[in-house]
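The data blocks that follow each hold one structure.
Two complexes, one shared chain (chain A), two partners (chain B, chain C).
And now, the complex of A and B:
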């Protein structure tokens, strides 16, 4: 920082190489791809018109939004419980809890998706157990539909929900909780009136993170959806790789990028995004 | 405030162990109705643990806590109905001042109308009526402290517990709030239990002080009695400053005795009912610096010793002198500036004198 408190020219020069690299190899190709959406198959907004006219395009968008919202809600509920338990745990148990949250992150998303397939398929562990115990006579449709996708996605997203909420819960002064009890609040009241409101910034942060992450999800929906339930990412790949409809695929990619930017813009008014993504203190 | 009277609290053999560490060691203490009691001690003396046990946050290992005769030891904090002002105040940052004060009423399911009336009364009590809609972080430290007080008093608690309530404030504000807190105690007539390590705060606010060290209750009593008649070296040293004179007790009578400190004999008069130490017993005297006078030429006192000034400092209201005496080692003397008929200087020869009832016989509990 220069004396005036604004970054001086020297500092900008320092990050210039990185900036150029990013522009040349990241921003430029993306812009080029997105530009295809208004040039293929012909110049104009024809591809975008499809959003209002094509039932299949609308269905993909709605399915994606629905799955993402449901995933976010369940990931937040589960994640909140885990983050709360970690916050209250003894220092030694905390380490184990956090390890248990992080280990799934280190396992390939493919492995996890196929693990769910073996559990959920018609002759999978769950259906077999239920059939043998006589609770059901027909296997339940647990996979290759929206249910399967949501199970897999929630499983993948829970750690991403836990971490921002955990850091927000850690900032809550434990004396406030003691004060609430001392002033006559039951455990329930203490949670509802003090802990929950103070942890809300973390919940919002986790929600934004999980929702944005879910929007572009590809592998898990592709495997657990079995090609029957399409989400945006898989649909884009289908258009471009299989149907060679570049214009339509890139139009949807543009919409995806827009949706992410809009979500960020809306929530940046509510919470400090720099804190969510870990820059600054 | 509903009954307008305080409640009485009794600690009976209260102990708290953390593994092998004894935080509180068999403390028995009574707090009378409407009394302002201060638990005073250095850090690690167990004073905060006792307060937390009274509040219900710490389960005692042994002993019991009685409120107006009934045992409250097993009750959780929210069932005890005690107001508490935490160190650093612990105001809820997401609530306004009014909502903070209303919190204890809200969790007691009071109607909105009742709540509003009580919140307004409590805020007026601490002169913060016009700040009701502010957030805690928009208030100064002293104002936050008063919000914490209002919040702790608004629900007519049986006791008010204060955990180092003034420690976060600067010296001037602290003195101001000490007076305010004392006045507040008079106004609400409730039983206050205060924890502090600041002896000045304890002396100026309390009806009674309980001095703790290493988890043990060393002595308790009115501030004046404690200051004038400390029972042990620790009390004399922790509450104010003191000189200590060590020697052998000689010729004990009911009126007093002589302490043979090396070549110097010190005359000691006992208060009524106080027993003299047996002949030949090693004994310790506490002598407050302000009870020693500088003798002018020709004047005399029951105890006199010559010496010279080693160091001195000017305190505004008085002088603090360190004097190397001919026969009693170094003594600290504090005398009012207006009484000093001379300009202190290092090396200046002086004669010190004090009356036979100035020194107090204390037990030597130094480690």
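And now, the complex of A and C:
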């Protein structure tokens, strides 16, 4: 670095090849694709107008937002419990806990989606068990709908919620909790007034990560949605491959990219984004 | 991407081969019939020979079409070879190939609607009915201006008879009647054949079905949305019915046949009101083999025995009028072009669909998804 503390010209030259490569092979093609949204089928904002006029476009956007929000809430609740338990566990147990969180990450998303189908379908394990125990007389509709998608997605997202929350909980000084107890706070008060506020940055970081990740989910909703409950990624592929409505598909892709950038922009003012994505620690 | 009927046939044949239900010889023969032909041309022959490229949808078809379609032609026409290409001749690919004026395909396994769509855009060569004999295929819908069909398939009503002890559905009106026949329905996520069934359910006579009322049929189909699941590939359609997720569905007759056999008749299907479709082959404009493609197509239509071979292997119905009599007795009830079955079906109007597919399919998908 130069004396002023800012990167000098030399440094910029060093990263220039990588930058050019990214511009030429990543940014340029993406811009090209997104540009299709204003040129097909004719020049103009006709495709964007459909956000306000087409019931199908509105339905897919609302469905996606609803599924993503519900998924985020449940992934955070479950993840918080797990992260809390790991933080308080003995060092040996911690290792096992973390292994248990990480193992599902290594199993193919396809395998997991099909495993949920086997569990949730009409003649699946859950429905069969409930029927045989006499609790229900008709199989419950657990899959091929939003419920099935949310189950599959929460399952996928919990580890992504645990890890940022865990790292922020680890930074909480345990002596603060001891001090609160020593000053007469109950267990509940200590958690509510000391631990919870201190862990909030991790919760927000995890929430942003899970929400953004969920927005672009493809395989899990495609398998568990029964072909009719579509999230935005599957809807885009349908427009591009089957309906040959490239303008409409790329319009939605542009909206997806914008939604992600806006979410990031808003939350970058609240939390340190570099920490979420694992750099600059 | 949506799986085409042709791709599914190949899946199905491969599955039966792996289970040992058909031997390798039959398999190869069947694939040949699908146009996946003569791989054994050899370099020596190719030098002197004139070559034709037949394009199929891949996998097993690559060998099967060659044996049933390519080989008989090569045997009768010394000096010619038929090569198989399994790129998958979608309408989009044919269009970009012809428009770029670099045509390498002679004969493509397409569909009636695509033949009208592409033909209307001047991208196909008209069938020369002096070479291709019209009387070698079915009279209505199988010999078109821009394509002719050496095989057929059908979209049938298939249902789980265990769910309906008082008797199953007998028409598309029953398919749409949730009061009389409660339970989840299964539809292809594609307007073609689905809207035709909806139109019949709306009460229009099968003999005067076209033109379809797109708005009304889409509304009708969407009325089942809450009680329906949708399939994209043939194996998916089979799974949904086999595992009881759906009590009835509109699926390809090839898959319905497998279901009926493997569930010992618990799952049944009916021919009345089924949508009979032509497996139309088209010739891209400016094809390298020129007039040879017409002669190859003529040979595919003229030879009934290989067409029956294809029925045995993959379930595709023959189209040569002499073929039905050659079909073994036990296969007749599963042959879509058996006279008894063909009479009660409705031939899908490829011309109407060629003009309306894109709009109707977009409307249909917008209405049932989201």
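Note that the second predicted complex is superposed on the first by the 281 of 281 C-alpha atoms of A that agree within 3 Å, B and C clash if a C-alpha of one lies under 4 Å from a C-alpha of the other, contacts with A are read in each partner's own complex, and residues count from 1 in each chain.
As a working rule, a contact is a pair of C-beta atoms (placed from the backbone, for glycine too) under 8 Å apart; a residue touches a chain by one contact, two chains touch by 3 or more.
Because the structure is predicted, anything quoted here is derived from the model rather than measured.
**Student:** Who does A:10 touch here: chain B (first), chain C (second), both, or neither?
**Tutor:** The answer is neither, since A:10 touches no partner chain.
**Student:** Mind working out whether A:91 is in touch with chain B, chain C, both or neither, as first, second, both or neither?
**Tutor:** A:91 sits against neither chain B nor chain C.
**Student:** Please work out whether A:228 is in contact with chain B alone, chain C alone, both, or neither, and reply first, second, both or neither.
**Tutor:** Touch status of A:228: second partner only.
**Student:** If we overlay the two complexes on their shared chain A, which of chain B and chain C does A:134 touch? Say first, second, both or neither.
**Tutor:** A:134: touches no partner chain.
**Student:** In the overlay, answer first, second, both or neither for which of chain B and chain C A:121 touches.
**Tutor:** second
**Student:** Who wins on chain A residues touched, chain B or chain C?
**Tutor:** Tallying touched residues of chain A, the top partner is C.
**Student:** Please work out whether A:184 is in contact with chain B alone, chain C alone, both, or neither, and reply first, second, both or neither.
**Tutor:** The first partner, chain B, only.
**Student:** In the superposed arrangement, which partner chain does A:193 touch: chain B (first), chain C (second), both, or neither?
**Tutor:** first
**Student:** For chain B, which residues are in contact with chain A within the complex?
**Tutor:** The contact residues of chain B facing chain A are 55-57, 76-78, 81-84, 86-88, 90, 92-94, 103-104, 106-108, 151-152, 155, 161.
**Student:** Provide the residue numbers of chain C that touch chain A in the complex, in ascending order.
**Tutor:** 1-2, 92, 189-190, 225, 228-232, 243-245, 358, 361-362, 365-370
**Student:** Which residues, counting only chain A, touch chain B once they are in their complex?
**Tutor:** Touch residues, chain A against chain B: 173, 175-176, 178-186, 189, 193-194, 197-198.
**Student:** Within their complex, state which residues of chain A touch chain C.
**Tutor:** Residues in contact with chain C: 54-56, 59-60, 63, 121-123, 144, 226-230, 235, 237-238, 241-245.
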